[in-house]
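Presented sequentially are two complexes of chain A, the first with chain B as partner and the second with chain C.
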Partner chain A sequence: MAAGSAASCGGTGCGSHCSSSSSTAAEDATAESLGRLSVSRECGKCGGGVGAVAVAGGVGLCGECFRAHLFGKFKLAVTSNAMVRPTDSVLLAFSGGPASRVALQFIHEMRSKAIESWDASNSQALPVFGVAVAFVDESVLCSKPKQEIDMAIEDIKSIGFSVGIKAMHITPLEDVFSMASKDGEGRLREAVDMIDDDTGREDFLQCLRMLALQKIALENGYTKIMLGSCASAIACHVLSATVKGQGYSLPADVQYVDTRWEIPVVIPLRDCLARELSLLCELDSLKTQQHLDRPSNGINSLVASFVERLREENPSREHTIVRTAQKLKPFSFNKFSADGYHDFLPSRLRPKFQNVDNDESTFSGILCLICGSPFNESELRNLESTKHKAQKKTDLYTAHCCQSCCFQILPSGGNLYEHFFSLLPEFWTGRVDTVSVSHSLPRDQIEEYLLEDNDDS
Partner chain B sequence: MHLTLEFGGGLELLLEKSTKVHKVDVPPKDGEGKVTVSGLLSWVKSNLIKERPEMFLKGDSVRPGVLVLINDCDWEICGGLDAELEEKDVVIFISTLHGG
Partner chain C sequence: MDSAAIDGARQPPARMGSRLCTRCGERKAALKRPKTLEQICRECFYVVFEDEIHRTIVDNNLFNSGDRVAIGASGGKDSTVLAYVLSELNRRHKYGLDLFLLSVDEGITGYRDDSLETVKRNEIQYGLPLKIVSYKDLYGWTMDDIVKAIGLKNNCTFCGVFRRQALDRGAALLKVDKIVTGHNADDIAETVLLNILRGDIARLSRCTFITTGEDGPIPRCKPFKYTYEKEIVMYAYFKKLDYFSTECIYSPNAYRGFAREFIKDLERMRPRAILDIIKSGENFRISTTTRMPEQGTCERCGYISSQKLCKACVLLDGLNRGLPKLGIGRTKGVSGVDSDGEQQDKRSERDRSSLQGKHGNIDF
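Moving on to the complex of A and B:
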């Protein structure tokens, strides 16, 4: 039996079929040479002749145990990282796919149980967290007929309402461009078309999605954004970030918690595989909607195919990749500040929080204007140098982009930068301090009046 | 052998009219009247897949990232490619490459 995740049985024991205790290298080799796992047809957790229907961590599980296995991982991630406070209002980012569908189902169940406890409680001192759903509508970039798009959007809404969600935010992606201009769609299309690289375009849209979610959360008073990013997606990100030279910032993207954004982002499905989540959607008839997905042609899809091939050889490969990336030191913003948690924080969770008495509690570095990656030393030096000699706002905007975004997102012609930045949402460019540029005359206009360094006065 | 096949996660786009559910009659390959998953895949490739077969199949098996369920059970439990299908079985193929 192939080796599986050590946490797959949740520590409660899987009986005689538990792979972590009984597998040998010879058995693994035999199983792999047959091209499939040799998995028992009986549930490895509850046994008793109950038929297994799903494989998790190399063990066959019945439907109930499989579901409990995944819900257990989700709940453990939420509680052990204190992701959701009783006073929080959580915005779940729903893409229509299986991972975020499962996240929606599980957070709804956690909330339902919390409400039952609250109803039964005499004091009712602590409130129950709220949950809303956001869907970023990217159909403006989709070539499908309007009728199909409208039906897909209606499906998204019906999925949210079927789970009992009352607050659904269906926001067109172009809205992030529309704050100062009515032609958000035009600006979005033009900005995307200016990016030559397929992978750069995909990554730019990914950044816009986060921007849209942040905007929805800020405008509606949500305090946390929950993503459905799963272990498989994170494993792909680890490899694709490495390929793109984003190694310095990689630790920031693979943790449970990310507070560098105005509204903190949490990833409770980080330990679940895409395959497991797809399977759960089928077994539990959880409706998904992926009709608006666009084909992908760049590095990201190539890496996803590569990871799938690795998984074919060994189902644990995705977990191995994520565990390896976890060895990188996270940034200070990958922990919540203890401020605001004091009333709810059990002592066992205190190490998970930033030490508010320590200077590390506040991240003082620079984040990339486009992707939010923390700047490395080289990028910081370049920025400092540019601040002193910048003659145009565009120079400062460019210096506030990380090397990866400069390479794959900014247009290939330097003379196009000004136009590109003029299209970007003010939500982004407004964060760059350009006061020093606006008050200084361009050097070439006053060159003849400047003294050379070696002139005698 | 009468079977119900379902395609999801984008695989339906490889089929005619992007139809997700197909009720099919698959002839057994051998003289014993048995249909295995391996035989079914071969039949699907020849009769249902209209474009880009490499998105569904790799060699004799499904492409990595395609989940196969036989009567709501992971095919790895049922015997994989050698699993024997029975009359009125429901086989579901789902692509998990899209994440979500």
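Moving on to the complex of A and C:
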């Protein structure tokens, strides 16, 4: 399906080799899959004798029905998970890729419909949610000529405006580092360069992206962040996380709702496949802009190719992978707390919310300082034992990183840890409580008097 | 597993032969350890290889002194090295085990008869008594007969299901307390991935257990759970162990397996990924709302089963009634468990032919 665009993991900032394909390639691919599944070439839904252009759920669908099918999934995810309250101000993370482009289109449509109902209603008691768009500009790490970068950014802006979005936030990634220091770009580059592992570097940038989005949302009063993460991206993440030893924390990343962050994150496109979203962009001429995508190396890219091969063998494989992950136990932060929802909450949705009567409401575990993964037992034990023998703050920071981040992100060599953490913005490392450690940190106290660095950590 | 050893993977490469072993510092480095990329001499390799297995056995309480233990022996590298190392460790660390070789003759001419010759040689070389059980005796069908009846699709399913029972039957005849198999880290990692791909949450939750079947008649365990396949090959190579290395003649043509290839690529990129997959598998927590199959016993033969009839009985039924597709494919039922099905779903057929492991339904 949509072979030319082969979006193996469309989603925000996935950095895959996505590109718009010609419609011939899409038609060929559709025809091929129609033929393969022995599906009629007429729309199986509206039966109006209209030609089928896409296959979904084993049925050939015309453009209209296909669109309605995807929109239906989006809307169901939003409403049945109470993702957007009438009072919410939603920040949509737009990467330029097809998945987030569709998310943008769909949330805009939902909003338009809500406004129509509001206009038509007598009471107008409940407001309509707001939508803004954020694009994290990573061009500082990209080696393309300035002119091309500027044009791509203009394109991104024009896409937002074409959908009627008034608030567009184009934020450079280095802003995450610029809080106290002016040289955000320098610190960002240095921190990224300290990471040896290709996969580690990519994953670190992914974490930074989320921090950037959180920062935009906090500074501008947005109450929800919406990502375009689709089933294909989630399937890739399930396998990548498995391969990185993150089986314990994996369920946290694949749910509709993630309230680990200050501004909760929702993923309404979780049940749509990347190729479906790409196809919709082509059918509806929804403009995408992926010129600034960087090629992916390392494990994430290997997983993406693997999933691509699986998809060729069986188009539903990605759904199966996501379903498997859904059978794993989610965390308490994968539900909204009921605060602020009471007014708008139909009783059928109550089970989706944390039960304030039991301990489920607050997550009492530890989250990795870098990637936010909840700590498993052995990581917790390691942290506890480090607290007792920590000599300096860096030891505590390191113990607050999960085993995967310790391996692939933290630079190798104990002496480098300190420098690495010093580059990270204060609001990041400040989350680690270094004050309540049972004894004071001896080395920090005498650091300035030491002549030799005989650190053997 | 100690991640400190795995961090050895970060060492800068150096020309082999010009370096000393990083463990003993005395002898010349003869090899790069696949698991950690450490450059060590042969002797140190034997030591770390054997020691890690010993640690796995001890830390997981795999055996009790006086246990009678059957080693599932196919004549292949995993089971040959297992037999060799286990006898050696049994002697060196005084586990007090009574070891046997247990072989299954599936009746594959030109393959199994050759590999069984290897096992017979192992019996003499390692001084371990050998018992062979055959499909012909147990089921009345050889794999040659089965392939003639059903062709080359799904034959691995039959073989895998039958072999599992055959091992248990053989073990019962030998009156052993435990079965050990040579499943290695690569096998287990592959199984974790395949179970994710297939949505088989029930198997996913069990497949990383080092010991299984503890609530059944004869538990079985995998001392090689953390041992890399490449290291097993390396060990057998340097020790010049006698093993049979041809792929089963009934394997689907040009079969490499998506998951196996992916794991090989992964290993090249990051050797510790194989152990990380296993660690993930160990750490998966199944949601309490997920329906899991209940384990009971087969109405016909009493073997462990989550359905009325165990898989082997169902398949055998199919063969004897000339309905070879009985038991193949999926019908509505508890997730991940194949139940009787006469209608073969095209999609699951496609699934099976590409996702079968080397032993058919990898069902540990």
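Just so it is clear, the second predicted complex is superposed on the first by the 400 of 457 C-alpha atoms of A that agree within 3 Å, B and C clash if a C-alpha of one lies under 4 Å from a C-alpha of the other, contacts with A are read in each partner's own complex, and residues count from 1 in each chain.
The rule is simple: a contact is a pair of C-beta atoms (placed from the backbone, for glycine too) under 8 Å apart; a residue touches a chain by one contact, two chains touch by 3 or more.
The shown structure was predicted, so the numbers you read here are calculated from the model rather than taken from an experiment.
> Is A:I299 touching the first partner chain B, the second partner chain C, both, or neither of them?
In the superposition, A:I299 touches chain C alone.
> Touch check for A:R309: first (chain B), second (chain C), both, or neither?
Touch status of A:R309: both partners.
> A:G184 in the overlay: touching chain B, chain C, both, or neither? Say first, second, both or neither.
After superposition on chain A, A:G184 lies in contact with neither partner.
> Is A:G245 in contact with chain B, with chain C, with both, or with neither (first, second, both, neither)?
Second partner only.
> Does the superposition put A:T320 against chain B (first), chain C (second), both, or neither?
Second partner only, chain C.
> With the two structures laid over each other on chain A, which partner does A:A274 touch: chain B (first), chain C (second), both, or neither?
First partner only, chain B.
> Could you say whether A:P374 touches chain B, chain C, both of them, or neither, answering first, second, both or neither?
neither
> Considering only the contact definition stated at the top, list the common interface residues of chain A for chain B and chain C.
In the superposed arrangement, which is not itself an observed complex, chain A uses residues 309 for both chain B and chain C.
> Quick check: in the complex, which residue numbers of chain B touch chain A?
Counting only chain B, the residues touching chain A are 8-10, 61, 63-65, 67, 69, 72-74, 76-81, 92, 94, 96-100.
> Name, in rising order, each residue of chain A that touches chain C in their complex.
196, 199, 238-239, 241-248, 250-251, 298-299, 302, 306, 309-310, 313-314, 316-317, 320-321, 323-330, 376, 403-404, 407, 412
> Looking at the complex, which residues from chain C come into contact with chain A?
3, 6-7, 10, 192-193, 195-201, 204, 258, 262, 265-266, 269-270, 272-273, 275-277, 279-288, 290, 335, 347, 350-351, 354
> How about chain A: which of its residues touch chain B in the complex?
These residues of chain A touch chain B: 34-37, 39-41, 51-55, 60, 63, 95-101, 228, 230, 232-233, 236, 274-275, 277-279, 282-283, 288, 290, 293, 301, 304-305, 308-309, 311-312.
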